[in-house]
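Take a look at the structure set out below.
As written, the chain order gives the labels A, B, C and D, with residue 1 at the start of each chain.
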Amino acid sequence: MISFKNDYSEGAHNIILERILKENNIQNIGYGEDEHCQRAAECIKKQLNCFDCDVHFLVGGTQTNLVTISHCLKPYQAVIAADTGHINVHETGAIEATGHKVFAMPCEEGKLTVESIQKALDTHTDEHMVQPKMVYISNPTEVGTLYTKKELEELSAFCKQHHFIFYLDGARMASALASEYNDVSISDYSNLVDLLYLGGTKCGALFGEALVIFKKQLNEDFRFSIKQKGAMLAKGWILGIQFEALFEGDLYQKTGEHANIMAEKIKNAIIEKGYGFQFTPCSNQLFPILPDDILQKLEKEFIFTFWEKVDDSHTAIRIVTSWATKEENVQKLIQSIQQA
Amino acid sequence: MISFKNDYSEGAHNIILERILKENNIQNIGYGEDEHCQRAAECIKKQLNCFDCDVHFLVGGTQTNLVTISHCLKPYQAVIAADTGHINVHETGAIEATGHKVFAMPCEEGKLTVESIQKALDTHTDEHMVQPKMVYISNPTEVGTLYTKKELEELSAFCKQHHFIFYLDGARMASALASEYNDVSISDYSNLVDLLYLGGTKCGALFGEALVIFKKQLNEDFRFSIKQKGAMLAKGWILGIQFEALFEGDLYQKTGEHANIMAEKIKNAIIEKGYGFQFTPCSNQLFPILPDDILQKLEKEFIFTFWEKVDDSHTAIRIVTSWATKEENVQKLIQSIQQA
Amino acid sequence: MISFKNDYSEGAHNIILERILKENNIQNIGYGEDEHCQRAAECIKKQLNCFDCDVHFLVGGTQTNLVTISHCLKPYQAVIAADTGHINVHETGAIEATGHKVFAMPCEEGKLTVESIQKALDTHTDEHMVQPKMVYISNPTEVGTLYTKKELEELSAFCKQHHFIFYLDGARMASALASEYNDVSISDYSNLVDLLYLGGTKCGALFGEALVIFKKQLNEDFRFSIKQKGAMLAKGWILGIQFEALFEGDLYQKTGEHANIMAEKIKNAIIEKGYGFQFTPCSNQLFPILPDDILQKLEKEFIFTFWEKVDDSHTAIRIVTSWATKEENVQKLIQSIQQA
Amino acid sequence: MISFKNDYSEGAHNIILERILKENNIQNIGYGEDEHCQRAAECIKKQLNCFDCDVHFLVGGTQTNLVTISHCLKPYQAVIAADTGHINVHETGAIEATGHKVFAMPCEEGKLTVESIQKALDTHTDEHMVQPKMVYISNPTEVGTLYTKKELEELSAFCKQHHFIFYLDGARMASALASEYNDVSISDYSNLVDLLYLGGTKCGALFGEALVIFKKQLNEDFRFSIKQKGAMLAKGWILGIQFEALFEGDLYQKTGEHANIMAEKIKNAIIEKGYGFQFTPCSNQLFPILPDDILQKLEKEFIFTFWEKVDDSHTAIRIVTSWATKEENVQKLIQSIQQA
């Protein structure tokens, strides 16, 4: 079976593994206070074209979200998210477990809008309700779509106006940055958001996520929160090495490019066969709507994620590509689609 | 500088790294539901000589403790620990952050006794106080000492009698198992404790900890707690591969042996020079009490952890060896001690 | 100004105050272990026609909800509620602050249905999502409507089938019990729900709520949770005295009756003038939709709660009556409505 | 049986009850935004001789502590307390349940000292440990002793120097203020502490505690925390009325005086008989050490709290007086002591 189930079915990009191997017997200081983490942070700051920010390295996505959100909010403050947002659905209540309400708004194409945030605000008027204080978005979204620069600027302006903390979960940021549909460059983000999470696990690393804090006051004592939530890796330099490799050149961009090219090929084959998509295909996640009989044939060779029954005879599925997706497997899938 | 600061200054044992490399391009199911995790669990069960238990793989130590303790306790229940216990001191309040009091008892040589637990119990009589429900110990302890089988049996009997959950943090269990001062075999633990954490990070793995749950009812929905606390690694098989390597043969034992042999050599050199120890040296952590002038000389070449001022002219330090400690570095330290 | 803003604008029913006065100089045991609490519990059990249950007395509504829900759920479990549910909207994230997600479902007339709970269940399939474990409803609902016996039976059967804990918040239960639209008697509840909260604050008491636990295992150590959440009143007998007064005869019923009769008169006046209601009027809360110019006139003499703009020229408001509402004030309101 | 078990065995001072009665049928705004709360706050400010502070009214002591501490601390911050401190022992882990470690220091006479706080600080050096941020003391202490003005000034200076929040729990403040051993006037406190809790429950009120926040920034959004923790009384004016009565004249002082006078008489009888005390008697709590045979006789007529076995034949007990203690009961106790 060939899996298009997700973008974390393989290990790490070879360049990254080689670096880990090379460093293996060298002694490093623990807990992320080593030289690799420092250099990785500098590489990231350079790509962000922002040097007055702080970078922390964590292990996983849910962890990054819960450490960040619980660190920034006071007990009675809430985070606003799209109802499809990862923190609202797929983190087993991790944010609530730290005491905070996720106020989820219905959305289209997985995106929050200024209007939906305003609507959330309108219903929170006094101390009998939680106090919305943070806006959480994902880019790419959980349904593979991308925010335009204009959309991000509007959200950013709204957040500034209302003294909201604006947090962007970029678990799959490499795919966003490399997308032909994307008009936001990595150096734009420092002007747009307060906190930026640049994903590693789904973008070529063995594991690991980088969190960039642009707003100084949010960085105060952040390492206490990392440690308290069990997120401080003893051998932190393993994270540093990986992000050094990803960001000292264009490797991060490259991992996204490969994933996108693979997705684009599959997308075109689906379109040629006349099938549609539940969400606009823009990045490494595709949500085609397929006839159930076709799907049954494909499932004999390929693994996807079931998404939703669309009607009596059609189903939306999720197909994901990654830095590790093999061209030959994509060709096999395309052939199967064509012949189905 | 040569570091004896801790046992997580280097990467992973070569055998482990090679396995990760070999598996790198193979697709695996995510979140620990892969074949490696399954096989690793079987290897561990075999060494424990207990097949009716459950094994989970987590990333780090504080994480393992907070996931486990918060999963097992009701909101008003507390965990009793030695005042030197890792959860009481060095986890930034991670257990309290999940809502539970750590009731810390003064102790000798880092060990809890039945008497001290009884004393804790005596002061908790009704609903105006927390309800002690779990006993947490570390073996080896945070000060390098070992529980004897008799001590563990007494604690175990007491816990059973009082319906306490007995949890053993074995972050450095390889060193305990391989110690010449140890009389507890790995297959004894299933009869002694309810929950056993077998450390990887400090015992040859790149990272990772194994948690064994002997009591069925404590395992119910445990994966929900892993996920909620941000502790479910997407590429879980990387943990599986490592624990397969450690436990399918005697590698775990071997990593402990090497660490202990290195420590023993340093210990003997210290004794020969006539210096004492703050805690009885039994495993890979040594706490020699050195004259300050000697210490100042050693610190020019070697890194230790400062432990405590003992008197005006003497200081206790912590020296740690590991699976990665090089014989030549140990010889350099011994020479420096001899010549100091 | 005359207030119809809520049902807690006045103190306590005279009978209750007299009892408190009478007992004032008598020494009582603290923390709810006194004879009044015991007798009050017996009176409630008798009215419930259920003697194998436990009764606790707490101070306020949000407090009762947070103590109860946090006591019953494991860290990763969630409570399903109507999106208008008090715990979802008006408790400043009190439930989330104890670590639990409130999974809110859109609803009509403020009522949860089996269909909506099933929909919530369908989207929660594994450990990557919270585990729904409790169903929370209010009766009367937050919008003044009532569940029919048939609706409660359906919900109850569904909860039993899915091993859900079924919790009913009856902050205004007196009004429900006394409503002519109600077909559920107080003695039905022991067969319908697992936990029943009988409100005092809004039903004649100075303050205080009674929580009835029908399911034995949910009662285990409940007093630890009461104490831990700051909800154990030192002079607990003041709660006992009040609930004794309310439940030893028909005072609870009577307070509801008076509130409902007052509401019915206002309702009829509104209907006569040809105005409609946003929610079916059944109890002591009315949600008339009034022309804005009429509303402006009324607001000069009366205090209501603004509910929602319905269209450009109409607004829904909330009018609440209580055990303390004076007939003469109701007549003044009716006159003003008639003349407006 | 006559109870000297605690100072909350009776209801409320007559003056207070009369006020509640008088106001009973008047409509008030809910949730503490009424005129009584406002006037009560003004009376308290006047007695404090500090007008630039904020006053909130809560229901109980554990509640006041948990709302206050959880509001002021960031997730990784801890509160330092005497090991006899109410928050450390008798609140069922209420503070830990909000996520914060109580770092308890051994103490004499129930009092924290600068030295013990410094010792706590010395062991908390980085992000691997909690960050001490608040100092909690009780005055009178849980063992009936009083801080001198000099002791409070030293603690206050230390807290300012280390940017600690200094919180004083005055659950029994009336007794402290009225004590002949006391040299701290109520108007001194604004210069000494950041947060002052003036107890009502144990000082003449039916129930209720006042929290004074001297530090503006700690008051921000405080009402959100009150509501979230279930501590916002719907009929808040009942709290306002009581504190108006207590603080508009000298009633608060008077309730303390009566309690102290009653205690003094008992104390003198005990001394005359040649018995000692476990803690210096200064306020309305006495901890005499009595021969066990004497104690057995007394227990036939009087209720005390067992405190501690002192030796084979002596036991320390706790005797508490209050505003409600009857002179005749004190005389009976004295006679029994004399005749025993």
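The rule is simple: contacts are C-beta pairs under 8 Å (C-beta built on N, C-alpha and C of every residue); 3 or more make two chains touch, one makes a residue touch a chain.
What you see is a predicted model; the values in this text were computed from it and never measured.
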Partner chains that chain B and chain C have in common: A, D
Between A-C and C-D, the pair with more C-beta contacts: C-D
Chain located farthest away, centre of chain A as origin (C-alpha): D
CA centroid of chain A to CA centroid of chain D, Å: 50
Rounded Å distance, chain A centre to chain C centre (Cα mean): 42
Geometric centre distance via CA averages, chain D-chain C, whole Å: 34
Junction residues of chain B, two or more chains touched: 75-76, 91-93, 97-99, 127-128, 130, 224, 227-228, 232
Chain C-facing residues of chain A, complex: 75-76, 78, 89-93, 96-102, 123, 127-130
Touching residues (chain side chain B, partner chain C) in the complex: 31, 70-71, 74-76, 98-99, 127-128, 130-131, 221, 223-228, 232
Of chain B, residues touching chain A in the complex: 2-3, 5-6, 8-12, 14, 17, 20-21, 23-30, 59-67, 91-94, 97, 201-202, 206-207, 224, 227-235, 238, 324
